[in-house]
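Report on the structure given below.
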């Protein structure tokens, strides 16, 4: 019985346990300022993972986010001079549009999201390559600071990017738990047929979920582009699997309807801690990937809430 | 009814369409340049030589896709292929060199050894999946990291060259214009098809994909079949590794790169449903050929490189749309 | 021959089986009845090996046995015919029949399809089913599948030397009348070889088929009766512990409907492959029941009204407005509520709690400035919990964990609270126990009195007769006959069946 | 002033300061630290952590880089395990996050050598290091607007290679071998990578002098053997016997091309780049006409060395001229004639480099277009 009560709390217990373990092994890890920096750095990943959460929450997946972010880094860099700060609006809209196209292909053309988003991602990659002329581009520093300097400042020791990330997470959490859309999302994720039978426009909910995923991916790409002060067609590579891992390790299973934004925040922090632990515990470079995989299996085994999974685990 | 038949054969039709499409661009190009060009006959794309090139390029991917087909038929997914291929390739290469370095010595033992390694990774995959009740997506994704990581630890990042002429005859010796590796792949394909359609295990994959609880209630040992399925997939991943090494003569940590999305896309494009129970090995063959015909064709017709990814994306969606039976599914995620 | 002695089974917080004694003689057909939650399904699971009892013993021919899993039970000749949908749809018929027992057709690892087909044909002949064993199962009709299900269990005949015990779990629920007759005939014919345990909610059928009937209540066998000297009322009385009389369907509460207020109007409506030339009007306060066998088109008509299957002929008007765009969303906007047959899949959202389920069809009404007003939702849920007597520990309880009757009440509350005045009830009492059924009937009467138009596809003919103002009998997608009833002039079963078949 | 001379002076200075520091005690040393990095700090505090951040271990090129880094660390009398490795797996995000984590862990006492995976990533990495007071030297990737001299001492140096010239020369070797006529194809790296661009430009420059050779096609093969193999197959189909020479952006691409040619039984001259040991063997066998050795071993060692020596205060980067802050690495041509000799000198016996001779083998200041 206690097991059942504890279950929903396993993700953050896992997180705390990890932090304690790493901290005991190397007390330098227990540093507030160090932790703040680590968290600030994981923000683009967090934002991507939040977007991905919407796709996974309805039982789908969005494999296009990395390529969308790539495309956005290029767009931001190319159009910064022309549009100034409104380039942010532009790229987020474009990201949303791509997400909506993915959603459309998935729901109306019956292509599983695993394939549709992969393919839409390829299209975004093509655009990124074309727009960047297959070059690495960099931003004009003064323009960047004039328009997006606010993104990366510090106020009383709190990095702005952390604030932005937490605000977006809060917004997403609000959307997921407190709005009609969030409620519909939950219905679609946990009982699609019942949602249809209740008159919910399931297709629209799904398309919107993919749209959100695209918008968050675009915002992450924007932040990343500003942070790195440039863009090219593979700048955001490496985000995809990590974002999926962050969502899963937070306890949102691929079957949908369970978990959510809070879980993803915790999942992202778990990924962050595991990764930082590699540095803090001085894990041999060649062994890091293997150890990452093993820790991942253990972490997922701990965090996943099997009672909410369908009786069949596929 | 007609719609059903079209859906069933759609992947093949798409393949035929693509094979006929690329020569049109070639014809157009020569026509513009004012050269004589008879459609298909003068096509460089539509030629035996190019068919063998596509076949050579596709064999490793085909093996990997066959492996994952079994898993997808069960309604699960296996994302460990990149790690499995890398570790199998690396262990094969080490064992091959350690045992004599030529196929005509005890080094041939490296081949079953590699397949055992693949089976082992798959076995662990399945075991963790079944015993800890973790969805296969997550287990296999993490196992993939472990596989690649292990390959890295073993090689320290070095590449291992396999120079043995006998082993490399897989690529260099041709029968009827096709290298031996194509025939080996064909043999593996037949074995896989045979397992799928003529053995209890293969049919049980379909049973699980069609309804796992029902299969369980019918007395099938679902857990055991799942674990066996993952192990079998691992064997084919290892075969993919052998083909990859045979093709370029190098085993390295990166040998497995890029197999994940290509193989799963190929399986789906071939008409096998991701939710299990539908499709099979012949579909996968068609699917992988579609993918490699597209990639080869795009280079052959001189499509700008930046455009190639996008065109691949559009064609993949088109192929899946055409081969999906809208009747049989109520919703898609 | 097969014997359970003082079998006990505990689950956390529940004593599911209490010292159950159960016995099946050779060649006997034993009925098993009881309300939902009486312990029938637990008992069945113990019998076919899915559960292991905590106490007591199982004996076959006097020998003590213990099964770890269904497979071991099968090896002792105990087979289970599942309710429905237990065949794997993407496999061929013969594969389904021999699933898990393919070994006999395997030589050197190769399955001989030809041998399997021959064997399958022989098996199918046992139930006089003449289909190609290589047919894909999903292409079969419900009735055919039910028979294949039986065939699958009958393969035990060849495999097992001893006697067979076959459990039939609600085998008639998807069958039409004449198919039920055929099934019973087959079962009787097989008693030479096997004993049967027949589980059904349809007590009349149990009476008809069985030799002896076990009646369960609250995890214990309360009585064993011989079908010759038992009657329906008696059995029902023992099951529920109270009288079932003519009040059952609340006929005295039936009021005349308002024939001026047409809610749904069908004018020569047709849908290719499902139904054609359907015309009727549904009025405010009317209970209109569509009667017919599986495939007669009644479900499809309900789906068309709700907006899920657009019709392709004729005109549909809802509240006087012609319907042009069909979709469930539009249906709900027009005030239509749908209580689907697959309650657990389409009715409630398993994983959402009581108040979330109740407001699902009216989410927007509970949003203020785009934010959900949860207190208002909970208040609504509490009101309806009280009004309908829904048994749930709290409004935040996951609906998936409620009993069937309470789930159904949540579904009804969902539509009524959102103000639906057209309700489509598709087998609303399916799988409910008698107490819960009565509650549903009560609600139907109440809604009817409040001017809600109800389109009903009933679970049984008795139910249809008891509840309806109007009955439309359908056969092969066409209207056969229309009956108008006032209280006291209800038709007989025969009148209806006559037109159905 | 020659470097060596200054080095000796610095050494003596630090010894003297060390004695002083002993007198001041720890507090004094901590106070002194506020005035920025100084020799005192270096000697009284722990040695800085030395780290190399690079793309992956699956590419022999990076292994050579790392071996140089390790050789340098060992030259300090430490174990090679004392070199911290950060592997970004081709992800700029991980590259930056790992650096930040390491900065937090070491509290800025870090000498970092890094290839930032992607040019835009260089700026945030450098800025993070500067802010934390760490010393960083970059290799290969940085954007053109980022310069060490804009960051005082902490951004020690940037080394790159001017690939256009050497690539042009290998192209000439190739074009000559083709007899100055026919068709050539180019298989490039990841299209946006600087070296990929320069190496293709090298080929194009050379082609200006060979009007009878046509550049049939140039496509990216992403530094990847298997991709190169596929792209080459496509080229063979499209151009068939028109291809009389192949220009590859690096060795790993070359391997894929060689196997594609081998499968077809074609014998076409190819040139590659990087001078990996395997490629050198192939050059010696005559299968590759030429490759360019960029001495990644030295590059890896000296980049770490620059960061380290700046961190411990052995020299003050801001006092160095621009050509010591941004400079090209060395290039050595390898052709069948000298492959064997090269192998003996550089690969079989890795030369022991003087890791304090920072700029000796370098190749001039980086020029921007």
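As written, the chain order gives the labels A, B, C and D, with residue 1 at the start of each chain.
Note that a contact is a pair of C-beta atoms (placed from the backbone, for glycine too) under 8 Å apart; a residue touches a chain by one contact, two chains touch by 3 or more.
Only a predicted model underlies this, so the values are computations on that prediction, with no experimental measurement involved.
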Between the pairs B-C and A-D, the one where more C-beta pairs touch: A-D
Between chain A and chain C, centroid-to-centroid distance (C-alpha), Å: 44
For chain A paired with chain D, centre-to-centre distance based on mean C-alpha positions, whole Å: 33
Distance from chain B to chain A - Cα centre to Cα centre, in angstrom: 29
Shared interface positions of chain A, touching two or more other chains: 129, 134, 193, 286, 288-289
Residues of chain D whose C-beta touches two or more other chains: 57, 191, 220
Pairwise touch network: line, ring, star, complete, or other: other
Pairwise chain contacts, counting only pairs that touch as defined: A-B, A-C, A-D, B-C, B-D
Footprint of chain B on chain A - complex, ascending: 58-60, 63, 105-107, 109-116, 118-123, 125-127, 129-130, 134, 192-193, 202, 206, 241, 244-245, 248, 253-256, 286-294, 296-297, 300-301, 304, 306, 309, 311-314
Touch list for chain B against partner chain A, complex: 74-77, 83, 128-129, 132-139, 141-150, 152-153, 156-157, 212-213, 261, 264-265, 268-269, 274-276, 305-314, 316-317, 320-321, 324, 326, 329-333
Residue numbers on chain B that touch chain D, as the complex places them: 44-45, 47, 49-50, 53-54, 56-57, 152, 156-159, 161, 171-172, 179, 244, 247-250, 252-255, 257-258, 295-296, 298-302, 305-306
Footprint of chain B on chain C - complex, ascending: 50, 69-71, 74, 80, 82, 85-91, 95, 99-103, 106, 109-111, 113, 152
Chain C contact footprint on chain A (complex, rising order): 1, 174, 178-180, 182-184, 186-187, 189-191, 193-201, 257-258, 308
